[in-house]
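Dumping the structure here so I can ask a few things about it.
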Amino acid sequence: MSVALEAGVAIYVAMAVALAVWIGIFVYLWRLDAQASALKRELEREQSEDPVERAPAPRATVTRVRPASSEPGEG
Amino acid sequence: MSGQPALCNPTSRTPPGRVCEHHPGFQFLCYNRQVETRLTVEGVAATYGARRVFADVSLELSGGEVLVVSGANGSGKSTFLRLLAGLQRPEAGQIVYRCGGQALDPRDAARLIGWVAPDLMLYRELTGRENLRFFAEVRRLHLDDGAIEALLERVGLAGRGDERLATYSSGMAQRLRYAYALLHHPPVLLLDEPGLTLDERGTAVVERVIAEQRRSGIVVVATNDPRELRYGDLLLRLGT
Amino acid sequence: MHKELDQNVAGVEREELEASGSLGVRAVLGASWAVFVKDLRTELRTRYAINVLVLFAACAAVAVSLGVGFIGLRRTDEALLIQATLLWIALLFAALNGLSRGFVQEEETRTMAALRLAAPPLAVYLGKFLLNVLLLAVLEAITSLLFIVLVRVQVGSPLALIGTLAAGGLSLATATTILAAIIARASFKSALFAVLAFPLIVPPLIVAIQSTAAALGSGGLPQAVPALQFLGAYSVATFVASLLLFRFVWEA
Amino acid sequence: MVQRLARLGKLLIGLWLAGVAIAMFLVVPQYEGLGNAGRIVIMHVPTAWVAVVAFTVSAIFSARYLWRRRPQDDDYALAAAESGFLFTTLATVTGMIFSQVVWGVYWNWDPRQTSIFVLLLIYAALFALRAAIDEPQRRRQLSAVYSLFAFVTMPFLVFVAPRIADSTLHPNCAFIQGSQCDGLTLEVGKIGLLGDRKVQLLALERNGDVVTAQVKVSEPGLTAERVLSPSFDLVHEEMVARPEFPGLRYQLGLEAVDLEANSALLNIEAPGTGLLENRRTLFTFLAAIIGFTALFFWMLSVRATLLGVQWALAQRAGGRL
């Protein structure tokens, strides 16, 4: 313990800590990146294979109840 | 006002042949129903948050036609009318108003619309007359007292115009909404639950308004009331 | 009756419409004035904003007076800076409580949709902006008088003080009016308004405080000119940005 | 092919910044008078730079969103704001540590500190605004407007921040090559400010070619006073004795003497002046700036991709309802 705090050694210890922190962040970011892109690719593939799947929106139908030319009745 | 909508009808104010091209005053002509207004809805979809309410609605309406929109609660009737009014942006597709064959910028189109809905609230601290006067002023309409009185009478609020909205009953508030919507003689009238909280005489007002509007303008009614379904020339069923 | 109405519709200001196809500058200014008058009338009937603003300012002035009024502060530079800071803190907090009222009320009474359909966005912005400027002018007049009377602030150069208050108030109004429109569509409105506004107000606030301190001392109008220029430039920049961006807030 | 290149680039960022971390401790020479804590500057300056870049990128994507209304643009604007917030926090914390080590104060309302503090507030306000709006479209649009509006006010802040403190402790005049602190010319008996220290020139004494000044230095808040005696060699025109300010690692220098006017030019001298004349330090600095900027853009793309996936999933779930 006391060896690590000696002036000459301390700087290497500090460097090692900084490096370890950076490597941790880097690995985390790398894996996050890989997962995010994989998910995105998956979603895009699903969408191109089956576009209806994404939006099974309720249908809407338009019907003409009265012929276009008829005179509108009162009320 | 003739029963037949006049398409590109030159008037004394506008030299013949200029109406169909870019005519600076043609919005004014639209107001006056001298030029036919058409509404085209193409593949429109709406979302609420991330949820799709409806998708792929396409239709076309021209002056003199009434569209009735029906569907269960939450099927997007009000949302559809808000889209038509330009209060909300469609998630996909487009809504185009044409005036004399010329597509209008959505922001200009908003001024051709009269909208009546339960969501529509007017200023409670002001009287009915002050409300109408205010909206006439922001629309740059020069209405005198007689005109506003006539409008109040038309929706059955004659003599009640100087009371504050806070004291109005819900039926009276609904009548004032009609006055608000009809103020600028819009060629397009959007009615969400038109008969809401109205008594028999109020319903008669609605019927008269729709009958007058269909002589040349467009009416869209969102309702589930079977008595109101019969107004329609076209029927749009959402969520079926 | 129907015919009569149609004739009245012909009263649309045709020259305005024909000038640009859509509403022209004159029409927008007219509509802005209508919005302003409507808001003023509503405000005079409810007196919500003015009550909040004035009571807040009065409380602040009394609190400051209770704390420091009895001490015969020597007129050092530090004392003047402290007085100027207290004055602006009172103004700032009153403003952050009252200035969002114009838009929040439209949202709370759900009248926004009616206004959106009828009025051009710029007219709404300008109308609300005018009302905020008016409210701030009233607030500043009352607060500074209270400070002079209760806190025994001596004004070295009244002209410079009035200039600084006017320019600082203008900066406050230009910076906060569009923010009021933004927070009106969100939840936790009043707290959010202060949170959004504060970082943007820091620059004019610093300049206004320093210029106010100089005006309370012996600095005349010429000495206040750089501060006035800064506040003017800030007002112009935020005003122009608001004009460009307001459409997007209003349509959201 | 593109994917391969991207992976290679990311790997390179990892190695590059690891190299910077090593160089920060082993290659850069120790700061004169500051001890090893001074090495934190290698991290401080690039993170502050990235904070500004992030703010700009966020504003650009906000404008693009308002222009085209594509959710992706808003994802990027939000991702830039989030990464920017992270880097701004890093810059603030490293700066505070440095400040404490060098001057004994964590916070001083220095112009740089003022502007970065306001930047933090703006980011925080942006997140608060986003949290307060439920409707996604409205949330995107309103936060884009706020982001742009805040961007417009930033130049004013940069302009006005130096007015808060009479002068700055931030060592832009000490560390960057070629720039200088102006210093302060005082007559005997007069009082002035150097940094946040009040200094009074008590006397000038000539002894042969060397002039020694008696300067009374007061702590902020007048908690302590001490008399320092910097001196100046008239013949060689150079400073001789440069005593340290009490409690600080800054030195008081006597840069010029005018015996006829009985006045002297006093200046604050930071240790490590001319630091970047050292090539190794300069290159480490540049490498750190490049590395952190690249890291920012990588984080930006990862976060934006995640936000996009999140939105797509929400849409799918919503569609099934």
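Order of writing sets the chain letters: A, B, C and D. Residues in each chain are counted from 1.
Operating definition for what follows: a contact is a pair of C-beta atoms (placed from the backbone, for glycine too) under 8 Å apart; a residue touches a chain by one contact, two chains touch by 3 or more.
Treat the numbers as computed from the prediction; the structure is a model and nothing was measured.
Remark: among chain pairs B-D and A-B, A-B carries the greater number of C-beta contacts.
The distance from the centre of chain B to the centre of chain D, each centre being the mean of the chain's C-alpha atoms, comes to 58 Å.
Chain C has its Cα centroid 42 Å from the Cα centroid of chain A.
One inter-chain figure worth recording: chain C and chain D are separated by 34 Å, centre to centre, where each centre is the mean of the chain's CA atoms. The residues of chain C that reach two or more other chains are 251, listed in rising order. Counting partner chains per residue, chain B has residues 52, 89 touching two or more of them.
Multi-chain contact residues of chain D (touching two or more other chains) are listed as 134, 137, 315, 319. Chain pairs that touch one another are A-B, A-D, B-C, B-D, C-D. Against chain D, in their complex, chain B makes its touches with residues 47, 49-52, 89.
Considering their complex, residues 175, 178-179, 182-183, 185-188, 192, 195-196, 198-200, 202-204, 206-207, 210, 230, 233-234, 237-238, 241-242, 245, 248-249, 251-252 of chain C touch chain D.
Interface residues of chain B, counted against chain A in their complex, comprise 45, 52-59, 64-66, 68, 75-76, 207-208, 210-211, 214-215, 232-240.
Across the complex, chain C meets chain B through its residues 1-2, 4-6, 8-14, 16-23, 27, 30-31, 34-35, 37-38, 41-42, 45-46, 109-111, 113-120, 123, 251. Across the complex, chain D meets chain C through its residues 66, 114, 118, 121-122, 124-125, 128-129, 132-134, 137-138, 141-142, 144-146, 148-150, 152-153, 156-157, 159-161, 163-164.
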